[in-house]
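Every chain is named by a letter (A, B, C and D) in the order it is written, and numbering of its residues begins at 1.
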């Protein structure tokens, strides 16, 4: 209880049950959301149950759903790995971080819906836009959590400002690339998907050239 | 085995596997229930698969389902945090507490159903009432568990009667606000939702002014 | 690898990761199966979305589904508690026990299907029979596991034959009561449900009078 | 961050939180996928709700779905046990192993779809082929992980080349038997299922006769 401010600032150090339960709950939500994705692949409907050719055609028609499944599995898997690495560098949680984490889990758990929309309406620019906005939101919440961890001194080791800023720029990259893909989707859904992959060369060429000298040691 | 009374009173102290498994099972049910909520958002059905305008309209029609998802995510998240804080203050469980906990998990796991009803029939007063009664039941079971923990001496540290009563009054508040919203829903569903938020000012203004002197130290 | 016999007999003592993972996996399946039950409650369909009277009628028509949900939640919850207590008395697992446990999890995970059938066809004797056979199978697998644990010396403390036999008779009771309910269901589904509750007086009156002197100490 | 190569090679030794979280996440995905299988068994639809004979016929028509459920439960259960035994012999994970593990979880989590297709179109050779290719992929990823563990020195104890090759041949067997079953399915779905069981005599007769002398000690 106590004042709202006290609730938000209360700290739960690593090693206590509270810290471990937040991790376990988050892992649970990631694992369930990633496994529920398969429900967005529909059973093919055949007019002749034993017809191999008709089944091949029907499965072929499901390829957008199977591609959407694979994309979303990769997306949730990637954010789970990132969540994982981020939490391994925290010395404590506070109430605000637990709240931000819950909001980010709400968006992760929401992802099966845009996946389902994308799998059924692959060519519709709004499907692509809805998907991109959802992923951008997850990345943006990741940046918010990183920011809070730095500001409230929850990181161990603490990061010098130069390393913090460089690292945050890397975390912001997917937010920008996914948001840029939204208007692009109305020109061409295929081009929008190319934007989604745009973060990789940015990260490995542009960002790596600007990496501060002590980043590797502090961030792994 | 043994007599029913012995089963209900048998104690499982913190630190034993039994205690940990009850926590892990509860966390599992909370994580699964919160992640299943997304299944109550239906795929939009379009007559023209690539039509962006039709998709925007269709997604717009889903806004009650998305709002219901967000409300229920917040509700389950909030009760998970409370469950969490409550269990962190227990020195032991007994058979009766495990039974009460199972009943409360049954109502948590039931919540996707009222969420689905609310998402599809947002304007129907009975949807709002069903939802409010379900949440009131969860809160009431929380009060029962707090009560049992105090009476059976399962809390560490023990609470003086004044702090116990003040804290129980705070836990009762959502029961009352959600039950009051049931008849209100038949006048106006919007007003009922306002009742749901009514607990916040009550808690922060009325209750905080009456807080016993030693509550902060004992309850965090 | 090795011979099939060696695989079945290989022991995994308590305290090792293998033992803990079997517990965690089992808890996961119980938690997911119990939380999936809610999916067998269908959304009411209304001709007039805002009509309170029609919604009340529609929800009333769902009462068999809600009762089935409650019964199955109680059944899975009860077997989870029993699984729990049984494993807390094991000093080790062996390959055969892990296999029996997997088979029992397969039947637990199957229970949402008979629950769905029962919720939709409450008055059909075959629904009641299917449900009863499923639960009897779970109880019978519980007896098999208890038997194996005693025979292969996996229990800690070991039980004298008199206590083992008395305890096994108690575990067999639900198998018998649920199987007896199968033919009864064809006379009257309501009477079959009465059979399901018949185990309780049997356990508390008949069995408790025959309890060996040292049972309480050894079995808790 | 760092170069892609550094990410792939970074090691996470056993005993650290990272290692434990990968295990817990994997167990979660296995447990959820195995429990979701039940959703592929459809509710029977009766024209007369109370008719016992019609219900028996309807349940009988569901037997391919129930057999598919049982096969997939056994398949996921078997790969969970294997995952389990494999990880218990690792002294560390590296980035590449975590990625391979995620890909194998993606295929495990996909299995409810081929199960659903098989349960609804049991006689269609393409259903059988889709199922066989999915399981062969899981086994092949298992071989890849075993290979990487040996090459990157992640196994404890290290295996001599003779034992490694013999053990890998055993792990490859299901890949081959399931792939061979694909063309066979177009001749006869029943014969394809016989191929699936073909690995057992191969493993126990052919492979066991060739077992290196020190395999049992090193591999258990």
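One rule holds for everything that comes next: a contact is a pair of C-beta atoms (placed from the backbone, for glycine too) under 8 Å apart; a residue touches a chain by one contact, two chains touch by 3 or more.
Since this is a predicted model, take the numbers as computed values, not measurements.
Peer 1: Mind listing the chains that sit against chain A and also against chain B?
Peer 2: Output, common partners of chain A and chain B: nil, no chain qualifies.
Peer 1: Based on the averaged CA atom positions, which chain is farthest from chain D?
Peer 2: In terms of C-alpha centroids, the chain at the greatest distance from chain D is B.
Peer 1: Same residues or different residues where chain A meets chain D? The copies count as same if more than half of the interface numbers are shared.
Peer 2: Chain A vs chain D: different; shared/all numbers falls short of half.
Peer 1: How far is the middle of chain A from the middle of chain C, if each middle is the mean of its Cα atoms, in Å?
Peer 2: Inter-chain centre distance comes to 38 Å.
Peer 1: At what distance in angstrom does the C-alpha mean of chain D lie from that of chain C?
Peer 2: 27
Peer 1: Give me the residues of chain A that touch two or more other chains.
Peer 2: 24, 28, 32, 36, 39
Peer 1: In graph terms, nodes being chains and edges touches, is this line, ring, star, complete or other?
Peer 2: It is a ring, because the chains touch in a row that closes back on itself.
Peer 1: With touch defined as at the top, which chains are paired up in contact here?
Peer 2: Chain-chain contacts present: A-B, A-D, B-C, C-D.
Peer 1: Using the touch definition from the top, list the residues of chain D that touch chain C in their complex.
Peer 2: Per the touch definition, chain D meets chain C at residues 23-24, 27-28, 30-32, 34-39, 41, 43-44, 46, 49-52, 55-56, 59, 69-70, 73-74, 77, 80-81, 84, 88, 167, 170, 203-204, 208, 211, 215-216, 219-220.
Peer 1: Applying the document's contact rule, which stretches of chain A touch chain B when the two form their complex?
Peer 2: Residues in contact with chain B: 1-4, 10, 17-18, 21, 24-25, 28-29, 32-33, 36, 39, 98, 102, 105-106, 109-110, 112-113, 116-117, 120-121, 123-127, 130, 186.
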